[in-house]
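What follows is chain A paired twice: with chain B in the first complex and chain C in the second.
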Partner chain A sequence: MDTALIDWSRLQFAVTACYHWLFVPLTLGLGLVMAIMETMYYRKGDEFWKKTAQFWMKLFAINFAVGVATGLILEFEFGTNWSNYSWLVGDIFGAPLAIEGILAFFMEATFFAVMFFGWNKVSKRFHLVSTWLTGIGAAISAYWILVANAWMQNPVGTAFNPDTVRSEMVSFWAVAGNPIAVSKFFHAVFSGWMTGGVFTIGVSAWFLLRKRETKFAKASMAIGALVGIVGGFAVILSGDSSGIHAAKYQPMKFAASEGLDDGGRKVAFSIIPGVEVPGVLSILATHDINGFVPGINDILAGYTDNRGNDVLPVDAKMWRGQKALTALKIFRSVKDSPDSASLAQKALCERVIKANAQFMGYGHLKEPSEVIPNVPLTYWSFRTMVYTGFLVLLILILVQWFIYKDNIDNKKWLLILAVIAIPLVYICGQAGWIVSEVGRQPWAIQDILPVGAAVSNLSVSAVQTTFFIFLAVFTLFLAIEITIMLKAIGKGPKMEESESEHINIEK
Partner chain B sequence: MSLGVWPKIESVFRFYVDGFKNMTWGKTLWIIIIVKLFIMFAILRVFFFKPAMAGKTDEQKSEIVAKSLTSMNNTNTDKYGYSIN
Partner chain C sequence: MTYAFLQQYWWFLISLLGALLVFLMFVQGANAQLFLKGMTPAKRSLIVNSTGRKWELTFTTLVTFGGAFFASFPLFYSTSFGGAYWVWILLLVTFVFQAVSYEFQNKNGNLLGSKAFCMFLTINGVLAPFLVGTAVGTFFTGSNFVVNKLAIADNVAPVISSWGNSWHGLDALATPAIWLGMVVMLLDIVLGCMYAINNIDNDELIRKLRGRIVVMGFFFVLFFVTWVFILCKMNGYAVDINGTISLESGKYLHNLLQMPAVAAMFLVGTLLVLAGIYWGGFTKSRKAIWPAGIGTVLVVLALFFIAGYNGTAYYPSSSDLQSSLTIANSSSSEFTLKTMFWVSLLIPFVLAYIVYAWRQMDKTPITEKEINETENKY
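Up next is the complex of A and B:
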């Protein structure tokens, strides 16, 4: 397969996924922020909280409107650019994506509409429930998308059927309860809370820097910082769980994200190249300072893992993968022949495929070294995610502290930092997905299908054309969103009736 | 369906109609959504993102993918052989 075709197809998918992830975390986080604000209105009956919630709902709606259906482009690309992959996984992806589609449609169409059209038309309680359910619906949608993603990282609950050439579901609950899906879900949702919290404090800081809407800005900041801090600490905990799972199910990704050539016990964590903290990587991978962490060379040569299991060297996996593919080829050639010799051969092929299907993807590799992802990109993306994440969390904590001390107005440096934290939290989230997706290369489906075998046989120019069209159209949409968002922020909340100090400032 | 259900359906319908009628800034967002969906489904999907195996039966799709997977099998026959035994 032409490497240019694979690279362009991957780049197209990566840009689409990154674009999609610009909108999702803000939906998840701002959904919680505005629900808390409306809860304040419900409990206190103060119009101030109603106007505050309405302002953030407006920004939520803008983000939602521009972000809506961007994920569908990924599904277009599955069918066009990744047709082998799509056919192979169709049975697995169908169920979670159908659940996601139905939930997203019914919950969002119903409760989103009540949230925006229902002020003064439904009871306060029903409106509040609708606002919460809009946010909860988005989180539930995210779960089913992540179930599909997690299956690619850890393909469980399925069996390969040589007759249909598909991975078919044998246990819905194994697929739905995939441990990677669970840890990814919490990591993604909490990072969304962090994004929503940072967005709220950043926008509020802008108001304070302009000496506008001070009561509104401080109240919003307090809630935004709280959501962001809770999300931030939860991201650390769920990130720990993601690390354990990566080390267990995708050791090459884990080794690449550390740039670890040779593993061992009491392995140090690399802060930056040349600066290390002894023993920490073993703790992160196994929760045990004496835990064995395989490096890239160990994975290539084979090793014994922490549970005492021998992990095959890559060339042995390649041999087994080739056996599975050869058996598939023979199976396909005899599958419709009724004679007894063919039936016997067919039965043998089925046994061979079943015994080696878990390594089928290795049969496509030419060299063992092909299982190594882009180490510098994975290594630096991981550090970008961690360092920007901790910096943003520190900013959130400082904001909450000075809000508590009631002197945030005087901390111009912190207000500027809070505004800067908005792009930082997006960089953090994008870097996280780069670690997750680049780190698992060359696999479209871990160990079963490499990207080179997953891609459709199209011309490179056709993929380049769709790539640049997508880039142009969706950059335009992003520019429109940012323009509308900035305009809405510039107008500010409608606080005339309830926030007299704003009127005084304006005078 | 009992007659008592119709007023409820009508009120839900009116809720949506009134909501859309009274939108202010929301109208801009709906225009964006409609333009975007038009571009996605009437242009991108129709002209640029045609499913690679559109129009094929499931049996044909299985055959195409099987051929594709096995033809890309980079078996080194000297080193490993094609035996499945």
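Up next is the complex of A and C:
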């Protein structure tokens, strides 16, 4: 395949995914924040909490719309730009997407409308339930899309069928309960809580800096900080589990994210190039300081893993992958022939395919070095994620502490930091996804399907055109969203009172 | 449950989702009326706030339609989306603009101005039903593609589905498929007017919309009759028991005659739509959306059934007959379809809460007073 086509297709998908992930975490986190606020209103009957919840709901709605729009493109890009992928793994990958639609999207869509428009139309209780269900729907949606994503990282519960020329699901529970899916789900949802918490304290800090809406800002900050801190600690725990899984199932990704050329035992963690903490990388990868961590060169040359299994060198995997593809060709040419020689050949091919199917993706590679992802990008993205994540968590803890001490108003430096934390938490989230997805390259499906064999047969110019269209559209939407949010925040929680002047368009 | 049953069952669900999507695109149809002559900003606001409470359902149905197709017939997802690239991209872009337009149009700082977002809603309102209809039209007229599964073993060009020309789906605009595009577009305009009449309490607007139902209903009938005529006369793509595909003159008419229940569904659905047009355009009834909506679902279901059942290739290839997609050769594995069967049993529960929430929200029609007084509006 034309490498330019592959690169542009990857770039288009990456841009769509990155933009989508700008909007999703806020939906996950702010959904919880405003649900807690509305629960306060429901329990106490205090209009203050209603106005507070409504203010955050307005910001939620602005963000939600763009998230929905970018999500639509993402789903259909699997078909438009990765058509081979769609057939070869659609039997497994399509199911979580469909379940997401049936279980989550309708829930979100239905109850979002009730939450946003239903204040004077439905009972207080039904409205509260709708607000919670909107957030729960978003979380369910996250689970199923991450089941699909996790399967790309660790393709479990599947077998290659030479008759249909595709991988097919053999165990739904293995796919749905993929350990990577579970840790990714918690990592993504809790990072969403962190984002929602940071967004809430950042916006509230801005009000306190301007000495406006003090009561509202402090009340919002207390809830936002709590949600953010719980999310932050849970992100650390789930991140640890993600690290263990990456080391186990995607050692090349792990090695690339550490810039580790040569592995070993008691491997040091690189804080930045040249500054290392002895033994920590072995602990992160295996929870054992003596654990073996393979480096990039080990993976290329082959090594023995911590369970004593010999891992083949990449060129041997390529040879076995090519063997499987050749057997598939022969299998297809004789599969409909009834004579005994063909039947024997068919049976032999089936055995060869079965024995080598796990390396089939390697058969499409030209050089062993193709299995190495972009090391500098993965390495620095990982550090950006970790360092900004811890910094943001520290800010959240300080905010909560000074709220508890009731003197947050006097801590101008912290309020400024809280505002700065908003872009930081987004950088953290984006960096995390770059580690996960760039680190997976060249695989669309780990070991089974490289991106070069997954792409649609389109002209490079067609993909370039749509790439720039999407880039322009998403950037425009982001700019509009930020501008609208800033205006809405500037108006504060009382903006509803003067909104009528804007509703009758061009009057 | 046999594999064949599961394949048929999933074709039924895809058909149902497609039918519901065509019905729910009344949102688009109503938005297509935003720039009618005499449509004041206040009336425009009423329509936008009325469809604004339903657009997410339409959007979600589209997404689920795509997801369900991916899960149950991945070869279609692969072949059509990767091949008819421009048609799908155009459709998606219009939906993307629609999704943000509701939220952005009347907000301070929206950069483009309210009118631009209203315009996006209208463009989506016209184009989306047209493109969906045209895309479904190719289920009958065929498309220019080739499927070769063995290509995956090719190291140079391992692509299974390839489109036969560089138009990548825009070629459908030069086929009779566009008649179905026009039919769906006009139908959704009619349905949109009926929905607005049902959901909005404003005499002047209702009068105007009734006029639209009469005019657009007339054109709808014209295009619909033409499409049905073309459909009955055209060559169809028949599949024999060995999976071999051949052309059969009048195949879709034969399908209707050989599946009397489907023919009855088609007839009843058509009559209900026509009755809806009569009630909506010529009487004072505000409930025309319901018979017309049910009729739409029945007719579209029938169209999907004659496209895929009774030994028919539902996504035919005009360049290589044997590459045509059938329910049998393009579906997911038996295991996946069975797993998804159990998941699909949740659909009635989903429908139940949608109906409950819809009823709660639409107990009283929307008025100008309500829009002016409420804080939560588009």
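Please note the rule applied: the second predicted complex is superposed on the first by the 490 of 507 C-alpha atoms of A that agree within 3 Å, B and C clash if a C-alpha of one lies under 4 Å from a C-alpha of the other, contacts with A are read in each partner's own complex, and residues count from 1 in each chain.
The rule is simple: a contact is a pair of C-beta atoms (placed from the backbone, for glycine too) under 8 Å apart; a residue touches a chain by one contact, two chains touch by 3 or more.
Keep in mind that this is a model prediction, so the values were computed, not measured.
Chemist: Which partner does A:486 reach: the first (chain B), the second (chain C), both, or neither?
Modeler: second
Chemist: Can A:477 be said to touch chain B (first), chain C (second), both, or neither?
Modeler: Touch partners of A:477: chain B and chain C.
Chemist: When the two structures are overlaid on chain A, which partner does A:348 contact: first (chain B), second (chain C), both, or neither?
Modeler: A:348 sits against chain B, while chain C stays out of touch.
Chemist: Which of the two partners, first being chain B and second being chain C, lies in contact with A:168: first, second, both, or neither?
Modeler: second
Chemist: Just checking: does A:62 make contact with chain B only, chain C only, both, or neither of them? Give me first, second, both or neither.
Modeler: It touches chain B and chain C both.
Chemist: Is A:319 in contact with chain B, with chain C, with both, or with neither (first, second, both, neither)?
Modeler: Touch partner of A:319: chain B, not chain C.
Chemist: For chain A, which side has the bigger count of touched residues, chain B or chain C?
Modeler: C
Chemist: For chain A, which residues belong to both interfaces, chain B and chain C?
Modeler: 1, 61-62, 65-66, 68-69, 72-73, 76, 79-81, 83-84, 87-88, 113, 116-118, 121, 164-166, 325-326, 328-329, 332, 363-364, 452-453, 456-458, 466, 469, 473, 477, 480, 484, 488
Chemist: Okay, in this complex, where on chain A does chain C touch?
Modeler: Counting only chain A, the residues touching chain C are 1, 54, 61-62, 64-66, 68-73, 75-76, 78-88, 90-95, 97-103, 105-114, 116-122, 126, 130, 161, 164-166, 168-170, 172, 325-326, 328-329, 332, 363-364, 452-453, 455-459, 462, 466, 469, 473, 476-477, 479-480, 483-484, 486-488, 491, 496, 499-500, 502-507.
Chemist: So in the complex, the part of chain C that touches chain A is made up of which residues?
Modeler: Spelled out, the residues of chain C in touch with chain A are 41-42, 44-45, 52-54, 56-57, 59-60, 62-64, 66-68, 70-72, 74-75, 77-83, 85-86, 88-89, 92-93, 95-97, 99-100, 102-112, 114-115, 118, 149-150, 152-153, 155-163, 166, 168, 332-333, 335-336, 339-340, 343-344, 346-347, 350, 353-354, 357, 360-361, 363, 371-372, 374-377.
Chemist: Using the touch definition up top, name the residues of chain A that touch chain B in the complex.
Modeler: 1, 58, 61-62, 65-66, 68-69, 72-73, 76-77, 79-81, 83-84, 87-88, 113, 116-118, 121, 162-166, 318-319, 322-323, 325-330, 332, 348-349, 352, 363-366, 452-453, 456-458, 465-466, 469-470, 473, 477, 480, 484, 488
Chemist: Which part of chain B faces chain A closely enough to touch in the complex?
Modeler: Residues in contact with chain A: 15-16, 18-20, 22, 25-26, 28-30, 32-33, 36-37, 39-40, 44-45, 48-54, 58, 61-70, 72-76, 80, 82-85.
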